[in-house]
Structure formats: C-alpha cells, structure tokens
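Read from first to last, the chains carry the letters A, B, C and D; within each, the first residue is number 1.
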Amino acid sequence: MIEKVKVAVVGVGNNTSALVQGISFYRDTGSLAGIRRPQIAGLGVGDIDFVAAFAVSGDKVGKDLHEAIFVPPNNFPRLTAEMRPSGVTVQRGLVDSAEVERVAHAVEGAEVLLYSAPSGRPDTARAYAEAALAAGAAFVNTTSDPIAREPFWLKRFEEAGLPLLGDDLASQFGTSVVHHALLRLLEERGLTLVSSYQVNLGGTEDFRNLVENPNTKQQSKLNALGSDKVQVAPLGYLPQLKSQKIAHLNIEAQGWGGTAVSLDVRLQVHDPSGAAGVNIDLIRLAATALRSGRGGYPAEAASLLKSPPGTAI
Amino acid sequence: MIEKVKVAVVGVGNNTSALVQGISFYRDTGSLAGIRRPQIAGLGVGDIDFVAAFAVSGDKVGKDLHEAIFVPPNNFPRLTAEMRPSGVTVQRGLVDSAEVERVAHAVEGAEVLLYSAPSGRPDTARAYAEAALAAGAAFVNTTSDPIAREPFWLKRFEEAGLPLLGDDLASQFGTSVVHHALLRLLEERGLTLVSSYQVNLGGTEDFRNLVENPNTKQQSKLNALGSDKVQVAPLGYLPQLKSQKIAHLNIEAQGWGGTAVSLDVRLQVHDPSGAAGVNIDLIRLAATALRSGRGGYPAEAASLLKSPPGTAI
Amino acid sequence: MIEKVKVAVVGVGNNTSALVQGISFYRDTGSLAGIRRPQIAGLGVGDIDFVAAFAVSGDKVGKDLHEAIFVPPNNFPRLTAEMRPSGVTVQRGLVDSAEVERVAHAVEGAEVLLYSAPSGRPDTARAYAEAALAAGAAFVNTTSDPIAREPFWLKRFEEAGLPLLGDDLASQFGTSVVHHALLRLLEERGLTLVSSYQVNLGGTEDFRNLVENPNTKQQSKLNALGSDKVQVAPLGYLPQLKSQKIAHLNIEAQGWGGTAVSLDVRLQVHDPSGAAGVNIDLIRLAATALRSGRGGYPAEAASLLKSPPGTAI
Amino acid sequence: MIEKVKVAVVGVGNNTSALVQGISFYRDTGSLAGIRRPQIAGLGVGDIDFVAAFAVSGDKVGKDLHEAIFVPPNNFPRLTAEMRPSGVTVQRGLVDSAEVERVAHAVEGAEVLLYSAPSGRPDTARAYAEAALAAGAAFVNTTSDPIAREPFWLKRFEEAGLPLLGDDLASQFGTSVVHHALLRLLEERGLTLVSSYQVNLGGTEDFRNLVENPNTKQQSKLNALGSDKVQVAPLGYLPQLKSQKIAHLNIEAQGWGGTAVSLDVRLQVHDPSGAAGVNIDLIRLAATALRSGRGGYPAEAASLLKSPPGTAI
C-alpha cells in the first residue's frame, strides 16, 4: 500500500475547506463523482494526510483544522454531516519574513507545502517558499504571486532537488473554462465573433476583494480570452451566494450569409470546488516528483496552472 | 482564374435558399463573416454557378431559381435587398424512377449534383444518384437516406470515377454541436454528468415534419450524444420562429466533493445557414475530387457528414 | 382551540404526498414559508386530520397513508427525515358506481372529501360526489372533470346543505401564473406583443400522460393565455426531473418607436407543491362553509379554481 | 383638428433621440406598436412639434435637431431610413444661472419645456425651471434632481398657473418594472422570498456614468424593491450594447412545504425607448393642464414618475 502524502497547508479559507472536506468525503463514501484523475502514480484522492496548517485570522489559529475550515468568512458548504477532529491544530501564519525559521520548523516532515493563501502578498509567498526550501518540502503556489515563474526561485528549487509547482491554479471548471471552450468552438466551426460578455457573481471574500479592486483580475481575464470583442463586466458581490459563483455569458456571432447566432449561458458552480479539484492533482504531482527525486518544475503540471514558468510576470 | 463549379441542385427549400443567397451575399459584399473555409483548393465561396434546379412543388417549378427560393413554405430571410434573376428555371423533379433519363439529361454539364431534398425518400435519392452517374457528375447526398454508406452505390461511383459525398450533412453550428462540445468539456475536466436535456423549437416545414414524426430523429440524437443521462425532449413547432431554431440545453453535473455544477444554455440560430455553410464545402470538395479524377468517397469530407461510408445504415 | 378538519382524500399521488407531508412539515417546524394564508376562519395549515384515503394502485392500497405517499410512480421529495405512521390505511378506491355505498360508509365522519385523482375520469368523479352527498361531507373537486360547474350537481349539494368546491384547481405558482403576469404587465405598460412561447418539462406521471395525449391541455392553456400570438410548445417528459417542472418562456414585444423588447424566463418549481398550496385553502374553505351550514358553491373559492360554476363545460 | 403641442427640449441625448424619432416614426407609419396611450385629451403621439432644443456638447450645438440626435455618444438606433431637417437648430444650453433670461427668451412660444438632461446637476435644473416660469411654459423634469418635490418650486408654478411635472421619470418598461412585478406576484401567491438579484448591463453614457459612480442609483433601486433580500449587483458598461440594456434577474423563493421555486429572467430592451414612451405622456399631460389653466402638479402624472411631490428629497 502506498504511503500517504504529508501536506502542510498555508491558508485555511474556502479552497482549503473544499480540499480537506472533499478528501474526507471521498474516503468515507467511495464516490468518484467530480474527480478528474482517480489515480496519479498510484496515489488516490484519499491518500493525503494534513500534518500542519497555517492561518492569519485569530479566529482560526489554535483550532483543529476540521473546525477552523468552517469559521467565517469561510462559507463553503458542509459536504458531510460530521467530521472527526483532524489532530492538526492551525498555527499562526507568517506575518514577516523573520519568521521563516519558525514556519520551516513546523513544516518539517511534510512532503508538500501547499500555498493556498489569497493572492496579492508576494512577500509572504516568498517567505513560505523559503520555508519549504529550508524544510525540504515541495512547494505548490496556487496564487498569482510570481514564484515558479521567477527564475531566481525556480533555480533554487532545482538546485535543492525540490519540486516547485506554480503559479496560479487554473480552476477545474469555471467561467473562463466554459467561455474559452465556446469561443474556440465558434472558431473551429467558422463562425465570426461579433461580441461577447461575461458577468460573474459570487459571495466569497475573494469576490468581495475583487469587486473592491477589480482592475487586475478583469484585465487578466480579458487577456486570457484573447479578443477585444470579449468584455468582462464588473464582478458582483452577492453574499447570499456564499461560495457559489453564477456567471452569465453571452456570445453573438455570425454564421453563413452573415446570419445571427446567439448563445446565452448561465453557469452555477462552487468556486472552491474548482480550486480543490486542481489542488488535489498538484499535491499528488508534487509528491510524486519529490519521491522520484525530481527537483524544479514538473512539466506535467502545465495544464493545471495559469502562469507556469516561462510566462510573463 | 479558377473555373467556377457548375452545380445542379435538387430541392429548392430553405437550405437551398440559404446556399444560393449566401453565395450571392458573399460575392456582392466581399464579407467573410461566417465562412469556415474561405478557399478549398483555390475555390472561394463565390466560385459556384447553379446550372439546374429541381423541385416538386408546383409553386416553385417554372420560376427562376432566385424567385423560387422565396416561395412558401420557405421562410429563410432575405439576406440582401434584391437578387437579379439567375437565368436558371426550376424544373419538375423526379417523381418516379422512370424519369432518371430526363433528369440525367438536364444535369448534363453540371460537375456536382447536390441532393438537398427532405430526408425520408430513399427511392428518390437513389434515382438522383443514378442520374448523376448517367450525367457524369459528382453526387452530394445531404439527406440521411443511405447512398454513400451503401456499398452498392459507393462501388458504382468508384468505378465511374465520380465522387460520392454523403450521407447526412453535419450542421456547421447547431444544438448537437454545442451540446456535444459542452459534454466533452465536462468529461475532459473530470466532472460527473448527472443529467442533461435538450429542447429544440423551430418554425420550418422540417420542424413540422419532425414534430409529427419525432421518434427516429430523437433516437438518432440520443445516440449521437452517447449517454442515457442525456434526454432530448419533444421538438416544438413554432411557426413564428420561421427558419430560426431556438434550443434550450441544461446540464447538471458534479464537481469536486460531489458539489453541484449547472449549465443552462439558450442557442438561437438559423438552421438553413448551418446546412448551407457545410454544403458550400461539400460542393467544393466534390468538384475538386472530380477535377483531379478521384472517384468514390473523398475522406476529407468526413467531418462534414454524420453518416459517412462505414457507418451503420 | 379550534377543532381540526377531518378529511378523506381520493387519490394518493404526488399532490396528496405534497399536501400530507406539507401539513406535517408545518406542524413540526413552525415554519410559515410558502403559505399563502396562514389562517382561514381560525384554521391553520396544521389543523387538518386525514381520516380516510382511497387509491386504485394495488401498491398503495393496504399501506399506511404515510407510507403509500412514497410509493412509485410518486416522486415528490421527502420534506422531512421521517414521518410516523398516520393510522390511516389506504383503501381500495371506487372502480364502478356500484361501490358508492361502500365508499360513502368509509367516508362517514369526514367533513371534507378531497377528490384529488387524475383528471379524465368523469364517471369516477361523479361517483365520489355521490358518496360525499350520502356521507354528508363537503366535496372538493380538484380535477377538470365537471362537477361544480354541472347545475345538476350544484343543485343537489345546495339542497343537501353541503359545500361543493370546484372545478380544476388553479396552481399556487406555475408556468401559467408567471406567463399571465408578464403578458398582463406588457399590456399595462403599453407594449405590443409580437410573439410568445412556453415550453414545459416535467417528470411526473401526469406529465407522461400529457405528453402522450397533449391536445386538450395545450388548447386549454392557449385559451387561458388569451392570444393567438402565444404558443405552447409540446410538453416534454424528462423522468430525471421527478416532481419538478421546468418551463422556458419567451416574450417578444415592441416598445416605443417599435423597438424590440425580449423577455426570457426559466422557471423551476415543484408542481405538486403548487397544487397542495391551493388544496390546503380549498379544504379550509370547505370546512368553514360546512360548519356554518352554507351549502353549494362558496364564492370565496373562485380565485383558487380554473373552472368554477358558470364557466363552460 | 387639435393644435399640436409646442415643445422646447433640454438635452439632446439618447432619450431625446428616441422621442424625436419615435414621433416621426408614428406619423410616417401610422403604427401603434409600443404606444401606451394613443390619445390623451385628444392629443395623439404625433401631435408634438419641437420648437427649440438645447444641448451642452459643442458637437450638437448649431446642428439641426434631426441631425444632432445622431451625434455620438448618442447611440440609439435609427428607426427610419431618413429624417428630413426639423428646422430647429440646437442652441447652446445654460451653463450658469446668469443665462436664464437668454433661455427664457428662446423658449417663448413653447407650451412645454421638457427637461431631459442627465441627472445630477440640480443648479442647472433649477435654472431651466426658472426659465420656464419666465417664458410661461409648463415644466417637465425627467431627472432625479428635486424640482417638483421642492415645495418652493411647486408653489411658484402653482401661483403662476403653470403645470410642473416631476421628478424622475419611471421608465415604461425596464428592469425595475419587471423585477417589481415578479416580486409582487410571488407575494400575492404566498411564496416566501429567499433571495433575489439583478444585474444590469448597458452601453450608453448614462451607464458609463453609473458604473463610475454607482452608489446612489443602486441604493435607490434597492429601496425601490423594498427588501433586504434583493441585491442589485454592480452595473456593467458594455459599449457594444449601445442603447440596449440587458438585465439578468434571479429570484429564489419557497413554495408549499418549503420547496424551492426559482425564476431566472433575461430582459433586453432599449433604455431610451422606455424613457421616450413616458415622456410622450408627460408632455401631453403638461400641455393639457396648461391649456385648461391648471397650474402646479397634475395628479394624473403620478404613475409616470418615481419621485412626485410628497416623496422624500
């Protein structure tokens, strides 16, 4: 029987709640629903053990991980009636880089350090990467802060023989995935795009932050969709949606003879599930690379990341 | 300058209206909107000349082709303000196989015989195939009646050195195309399909016929979508839609942790445009094969057909 | 404290399941969600006691009412985790009018006989009305079979001093309610209707029957919407929907200057809840009339019925 | 034959374009499509003559009114192929209150001064009201700036025997109208509202302004919808929509037994048509009151206004 992957996780938000609960759900139910890759190098989705967790919020620090994942503003639903205590107590996260040593010490024994904090704190991301190097763990950066695409960091992980996976996870299934697929389909079939829009509504803290500070993310979405005919309208924060995202997409195009083709799509999805469904693969790829002694960036992670090494910072 | 393809067309319904008007629209406007392949072996979409046309309706026979395409029940819209007479008078189509000779004579000089009549009249389809053989023309069967996938007919066209393209054109863009693409996307991303439905509404005679005789087509759609979790609800005939089709698709799935993912799509499209956008390619592939002396089924037509040779009859 | 209404129910389908479960749900939870009239003459929604139940299906007869309501093809969801036995055993329903006496005997003691069988069996409806007269109970006819709008029956109930409420319940909330409201809104605001359609999808036995025998119901819907510009497309039976109905409505109109106005609506609702939410009021109105000695048709039921006395048969 | 109403209009934006074009469209075509009240006191929608127009934009001033209404950023569509010159040259609007005399002089001879400038410039609104008083014209304030609901102004118009209609026109048909109607319907039918949202997308300058300065308008919408369960998500400016507005509404509710009811609505409408369809009535009500010597606020205008006299400022 394969040895379970020992994971330390930074950030105890909705994405971690979805990951931790999902692993427990699959172990308990034997369900395979919604799993992209049942096995990676022999590792199932249940073959993960959390050995450490870090959070900044005083409401989460000191609590058992299985309790902390339900502390507000977390609002991902409970997947199962009950979760037994994990035995892992959430520790205070890094607030400045002087604490790298403390964290590195706490991470010791973990094979993978999953960095799942909010984006936009590059210093913190770098401090945890440093801690992973010190602790001898693979590092998975799910944020858009540049680590894996910084040659400085990539080189250090390569030299240390430690895997580095990042940056910015590409959700398993979300608005961009659907919008992309439909625009690509139009192109394949020879239709001419006239205009398109995308409106996203959500109820998480991430959404609230994006609504208050929308420019970067929207611009990045526009670039990703690759056309000036595609507009991403302002994000809407609707607390009643909790961790669900609702997106309205519209595509107007022309078919043969210039006749009109219209597509209107409503997508409803739990954002944190889209993240967890990818994190479970990144963790297993990281552990597999570590166990086989491959340091640096494993190319097989490319499809799971928005900004892998080689993309612009 | 390349020589234009001489085409005889059987059936002067909406699909022929869209094809004839579209060719004229692209010649007049220089637009490339909605064209899948601007050139096939040097042939542009305007490089088509109609040299003969056959219809059964007494209201169409005897009229100029550019007038007949607007005769009810045709209800495809006018793409341009005005169309000059084509000089081609619609002839009475075959009603029994004793007339093959008459038709073959009338088709002489055409390089391609485009069979664009309603599906469900296999005897008629065979008689026109016979006429194409007699006249030395390539034959394009856009109906679901089996010709190209009948070894008997394929062999005869091969032996005659005449191209045979069929059966059953795959629309450039329609409900099945979108439904397929989304179901495939779900699968690629590892989501688990729970249920899905598709409702089609349209206002053409084809729709009216399908509504009155729904079983075959629906069953074929179900097979095409390849899952017993996908349901195709009854077709609805709504005359006010004219040649537009409106489809409502729903997909319910499960993502990570078994969480719900919902997709609702409304598609609005002109059905005859979807047919014409493929017929324009089939004609050009047929002419190209004929001109280079290749008889039988040209494999490059495969993606444009639902039931090419080798599929079940 | 008010005395509870003693009800005998004919038909143990989804509508009865929704009614029986709903009463239990409101008693247990104290919730007021979805209740139109919390009190009618002092009677709350929990002030109902079932004293007899009749069904035709051999799978339901002989079972406790709280068990029979979950027997297939019933597919209304369980509203609460558990229901204690009701103490009422489902009896074999009338199959011919020779059995009126048996049923009348079984109904004795009930104040209200709720006739909630499928529509389309006028003989059966009449036999139960006869039984109600014999047993001295008020009669509520929720089907479209004519009883209350038959002067013969109305006169007999009047003479017997027994209330008669019918015919054909008007759902609390469904496609017609929403479609009507939107068409009326357009009219009030001075918009000009161009076209409109309605597509209904559902998964109950009622839906299956309507799909197999669609004409009457659709015609009645068209009449109800009062315009030849409104089309009701074929109903679709999608078993996966169970007792849910999904409707797609479209309204195309013209505003000032002839400019286009489009409304597209997707409605999702549990059909049996729409029936139960009205039956609860009909029962209470019937009991109140009976208790105050008013026979015949109580006018205050008018808004709950599609075909009250005075409408065409 | 009735004498046409002489109107001076302030603001030559999309709303004025829709009004001016619509009047011309109805005169030319005899159509009644989209007209709420064909006659008001004998005045048809074509019985309007523009006698003066004021704009601030240098691109509009000096042009014929029928030309100026098409100058960007105006983007309301052309309703008819061609419009003959109106003979009215757009004049420079007021920029400070010292110019009241000039404007009053230019307005002389008009019966109604329609104030149709953007909201948010209360000083300008007051200056034009002053000019109307000086010129002896009725004043119609379509903006949310307080005039009619200011007792000071109402009293002055009453004393002068001049009608004053305002404030803030209630669109003939828009998102709020539909949202309101559906929420009211739910309430009438006894459903319990769980949550609701509204997203508005548009392509006019008004929309751009609202997007850049969203708070007031949204708050006012929320108040109008009268429930803290209803959320109005940020407005989205999508230039490709031009003068069209697209709104996505969602309503989640509970029916009998607490079962879920969902309504999703997509509304597409030309915003300026909704304004013009109300302005045509306000003008005719104003003229009718003036002609019958009734000064002050005519109560029959109430349903056309969001903030009539007596509402909060």
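Quick note on the criterion: contacts are C-beta pairs under 8 Å (C-beta built on N, C-alpha and C of every residue); 3 or more make two chains touch, one makes a residue touch a chain.
Chain by chain, the UniProt names read as follows: A, B, C, D = Myo-inositol-1-phosphate synthase.
For clarity, every value in this text was computed on a predicted model and none was experimentally measured.
Visitor: Provide the C-alpha centroid distance between chain A and chain B, rounded to the nearest whole angstrom.
Guide: Computed value for the inter-centroid distance: 44 Å.
Visitor: Which whole number of Å gives the spacing of the CA centres of chain B and chain C?
Guide: 47
Visitor: At which residue positions does chain A touch at least two other chains?
Guide: 264, 266
Visitor: What topology does the chain contact graph adopt: line, ring, star, complete, or other?
Guide: Graph shape here is a ring: one loop, exactly two partners per chain.
Visitor: Please list each pair of chains that are touching.
Guide: Per the contact definition above, the touching pairs are A-B, A-D, B-C, C-D.
Visitor: How about chain A: which of its residues touch chain D in the complex?
Guide: Residue list for chain A touching chain D: 194-195, 197, 199, 201, 211, 229, 231, 233-240, 246, 248, 250, 264, 266.
Visitor: Please give the residue numbers of chain A that touch chain B in the complex, ascending.
Guide: Residue positions touching the partner: 18, 21-22, 25-26, 29, 31-37, 77, 79, 172-173, 177-178, 181-182, 185-186, 189-192, 253-270, 273-274, 276-277, 280.
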